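Some structures to go through are shown next.
Each of the next two complexes has subunit A plus one other chain: subunit B in the first, subunit C in the second.
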Partner chain A sequence: MSALEQDLGALPFFAGLEPVYLRLIAECASPACYDPGESIFQQGGQADRFYIVGEGRVALEIFSSDRGILTIQTLASREVVGASWLFPPYIWQYDARALEFTRLLAFNAVCLRAACDQDHDLGYDLMKRFARLMVERLNAARFQLLDVYANPASGR
Partner chain B sequence: MKCIARWGDLRRLFALLQSTGHTLYGPKVADSAVVIGEIASPDDLAVGWSDSQNPGSYRLHKDPHGPAFVFHSGADSWKRLLLPPQSTLWEADRTASGFEVLPSGGDSRPTAFIGMHGCDVTAMLRLDHVFGFQDDRHPSPGSPRATSRVTCIDPCYASIRRRSFVVGIQCTGPGGNCFCSSVGAGPHIEAGCDLVLTELPDEPDPFFHIKALTSAGQRALADLSLREAGPEHDEKAKNAVDQCAAAMPRSLDVSGIRELLHRNWDHSRWQATAHRCLTCGNCTMVCPTCFCTNILDETDLAGRRARRLREWDSCFSLEFSYIHGGGNVRSSAKARYRHWMAHKLAAWIDQFGELGCVGCGRCITWCPAGIDITEEAAVIREMDGAAGSSSEEKCHVRS
Partner chain C sequence: MPTRLREGDGAPVPGFGISSIPSRQPGEHNGLLFSAFLCASASLRESKKGKISARTGIFVLFGFGVPGHNDRASGGAEVHVGILNAMIPIHYVVQRVCRETRDTFTIELAPSTEESIAAFEPGQFNMLYSFGIGEVPVSISGDPAESGCLVHTIRAVGPVTQALCDVTRGDTLGVRGPFGTAWPVSGAVGGDALIVAGGLGLAPLRPALYGLMRNRSAYGRIALIYGARSPEDLLYRREIEKWRSHLDLQIEVTVDGGRGEWRGHVGVVTTLIGRLVFDPARTTALVCGPEVMMRFTVLELLKQGLSEDRVFLSLERNMKCGMGLCGHCQLGPFLVCRDGPILTYSALRRWMDRREA
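Presenting the complex of A and B:
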């Protein structure tokens, strides 16, 4: 098992993944580094990758015509960036920008999608992991909407 | 018709124009810079004043031993007169039954613009195409698109242009930020002026070659009874301007520039330049072709009189790209700088079939960060299609 496969296996996101799949995913990975402020991907672009943050921080942003750029989430080390690669039409829904020098592992989604189509066990496993991630993010977004830190009804 | 003239003849030309009611404007020295202002005689021009220009820097200095006309583009352009910073489009008074539009109080006096360099003459011709003005006194070569597409003529601009007598000066030495020859906008003047002046070099006293390009120019030369120029004067004048063209310190390669900028809309250079750009809008204010304006409606406090104003605007201000209903389509400095430069060098071609840049170098000189449009275009050309170093290469550099 290569060092990269070991590192991937140690990530919570890939915990318990079969070694054969770890090898396959590692083969689709390449390093990617971004300077502070640099765009990683843009809303509307082809979602042909997903990322795991090594060091640094990544802001997921959305452009609102009347409020400018809004940060909807900030992701740090060991967190996954991007799920749009999994579902047609494979288009990014947000912008992603490096907030500081950021080192990522970039996974080639085209290669992974083909592997998932070939081997449905891999596809099902990855789908479960990403579905869980998306539910976590959805819940986080709902809590943000509930404004848990200051209840508007209390007037404070 | 070509003649030669001494300094005294220029004084007579000024007097002739004044006798026919012209108000004279030309480049003169004020506030340590060459600016366009009202003048009464050739002695009011920036005679003997030269300048050192670099990105973000301008210094005026007197050269008593050199030629008379050695000044270059200054802090101001003729746009100040052709498209005033603020003008009233119309005014109306409230009446018992509604309102009454007041008769236009616009100036109707003839003007003479004296001392327009080649780049600025080209800039004026570009503005003619923007504002739909076609000069029936001396048809200038129209832009490929503009001549066939004029659907609307700006009456304020046309009124100023129709009343103007233009005397151009062909440069015989370039300024530090000049690049007009590379964009085909100077220093030679072939159209757009009534008279074209060229100072002949190596003369103990100022000595000029004057060429009439229009019937109005020919009449003026005939009224002054000047000595006709010989072939040796024509050649000397041509050589002096050719030498100036060859000595330009900067150049902008415009081959395929429209396609180059359109396909590099996401080039890494835009972001790098945005880090330097203060979005102050100086470049748009000093640019002789930037024509964007804002419209303001205002009423007096009593509600008796209303007027509609037009004033200079800049695509570098956030308000400029604020869209009705709320929202800004160019919120980043990167988007605004890219919009400005790509309009000058690419979208202007889409609109008018010609470049929006005339190579005067003012945007380079008056940019507080010293951003140089020729350098920006060259870097994008050099790294055509490159988004800078790839994200993978960056990791190798850091590790």
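Presenting the complex of A and C:
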């Protein structure tokens, strides 16, 4: 098992994944570095990758014409960036930007999608992992929407 | 347990008024006797300044029992005097007012005479009385080791807290307390300590952090996760920066919404828990914030492997007497002002999700 495969296996996101799949995923991975403020991907762009943060922090942002750039969430080491590669039309829904010097592992989604289509066990496993991630983020987003820290006297 | 939120939307906030006594008496507490007791306390507040001893006079005058207290005491008279003492506010003078956010202020109080309340433990609260307006429970947010001065962080959410936020140096307030249970600062010795604060919930947790830092070598990792609505809503910003400079403390601050110059985390507190390194089997978690936030936080802590009896929450209920007499703050078997505000999740699990209406 290569060092990269071992590193991937140690990530919570890939914990318990079959070694043969770890190898396949490692073959689709390449390192990427971003300087502070540098764009990683932009809303509307082709979602042909997903990322795992190795070092640094990434902000997911959305632009609003009346409020400017709004940060929705920040992601840190060992966390996954991007799920739009999973479903057509494979378009990024948000911007992603490095908040500081950031090292990422970029995974080639085209390669992975083809592998998932060929091996449904891999596809099902990956889908479960991403579904869990998306449910966790959906719950966090709902919690965020509750605006629990607002002053009750302000009427929100 | 930060500033209590239920001030009645403009209704008088009873501290001494009999209107606060519920018609349905919870548990074993006798509201009728208690309301008479409150009347007596109120009527004698003024005479306290006079020559008679109001505090013993009340006992002679009424001589009734307070269920649940008299039974446990060896001497009824002493118990009555003790309770009455706890019902009469001690005058404190505002020494300093610091604006934390647009609606939240920290006030420092010193006793106006030699009389002062007893030493407090982290997590306890006082009843603060704005004379002529009302009385509310407010957590003590200062350092327990600094005697003499009381620090309270108050958010203006109603008429009483607005009055407390409007005070200026030299004003006088009434203080009763300290009341309630404390954070298990010594109970966490030997393990990791994780503090999760949401919004104003940092105020009652700050004394616990002081306690942990003072005895730093007795603990493993110490981490604070603090969530606020926006960067502008963060409490104690300068102090947080100071804490961050401690290499043996992990301080993570996140906001629900950030724009412009904010370079920190954005997202809810629960998203940061999984990023920390701690030993779940040896970790004590202290959690305070809005109840919804605490529910999400507990779920995440349990997911990370903490046991229910090592997760401590500070509850917020409608407290009036502060001593478990009036029953306003009853939650199942607990009178939150006396048995809480700090309780374990294992004790609260059955009761936290109960709807009140």
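Here is the rule we go by: the second predicted complex is superposed on the first by the 150 of 156 C-alpha atoms of A that agree within 3 Å, B and C clash if a C-alpha of one lies under 4 Å from a C-alpha of the other, contacts with A are read in each partner's own complex, and residues count from 1 in each chain.
One rule holds for everything that comes next: contacts are C-beta pairs under 8 Å (C-beta built on N, C-alpha and C of every residue); 3 or more make two chains touch, one makes a residue touch a chain.
Predicted model only: the values in this text are computed from it and were never measured.
Student: Have a look at subunit B and subunit C on subunit A after the superposition and call it: clash or fit.
Tutor: fit
Student: Quick one: classify A:P31 as touching subunit B (first), subunit C (second), both or neither.
Tutor: first
Student: Applying the document's definition of touch, where does A:Q73 land relative to subunit B and subunit C: first, second, both, or neither?
Tutor: After superposing on A, A:Q73 lies in contact with subunit C but is clear of subunit B.
Student: For subunit A, which side has the bigger count of touched residues, subunit B or subunit C?
Tutor: C
Student: At the Cα centre of subunit A, what angle separates the centres of subunit B and subunit C, to the nearest 10 degrees?
Tutor: Superposed on A, the angle at subunit A reads 100 degrees.
Student: Considering only touches as defined above, state whether A:R103 meets subunit B (first), subunit C (second), both or neither.
Tutor: first
Student: Which partner does A:A140 contact after superposing on A: first (subunit B), second (subunit C), both, neither?
Tutor: Second partner only, subunit C.
Student: Upon superposition of the two complexes, what minimum C-alpha distance (Å) separates subunit B from subunit C?
Tutor: Minimum over all C-alpha pairs: 12 Å.
Student: Using the superposition described at the top, list the residues of subunit A that contact subunit B and also contact subunit C.
Tutor: In the superposed arrangement, which is not itself an observed complex, subunit A uses residues 68-69 for both subunit B and subunit C.
Student: Inside the complex, what are the residues of subunit C that reach subunit A?
Tutor: Residues of subunit C touching subunit A: 5, 103, 155-158, 198-200, 227-229, 233, 254, 256-260, 262-268, 270-271, 274-275, 289-290, 292-293, 296.
Student: Which bits of subunit A are touching subunit C when the two form their complex?
Tutor: Within the complex, subunit A touches subunit C at residues 12, 57, 59, 67-74, 76-79, 99, 139-140, 143-144, 146-154.
Student: What does subunit A use to touch subunit B in their complex?
Tutor: Subunit A reaches subunit B through residues 30-35, 37-38, 40, 63-66, 68-69, 101, 103-104, 106.
Student: Which of the residues in subunit B end up touching subunit A in this complex?
Tutor: Touching subunit A from subunit B are residues 271, 323, 325-329, 331, 391-392, 394-395, 397-398.
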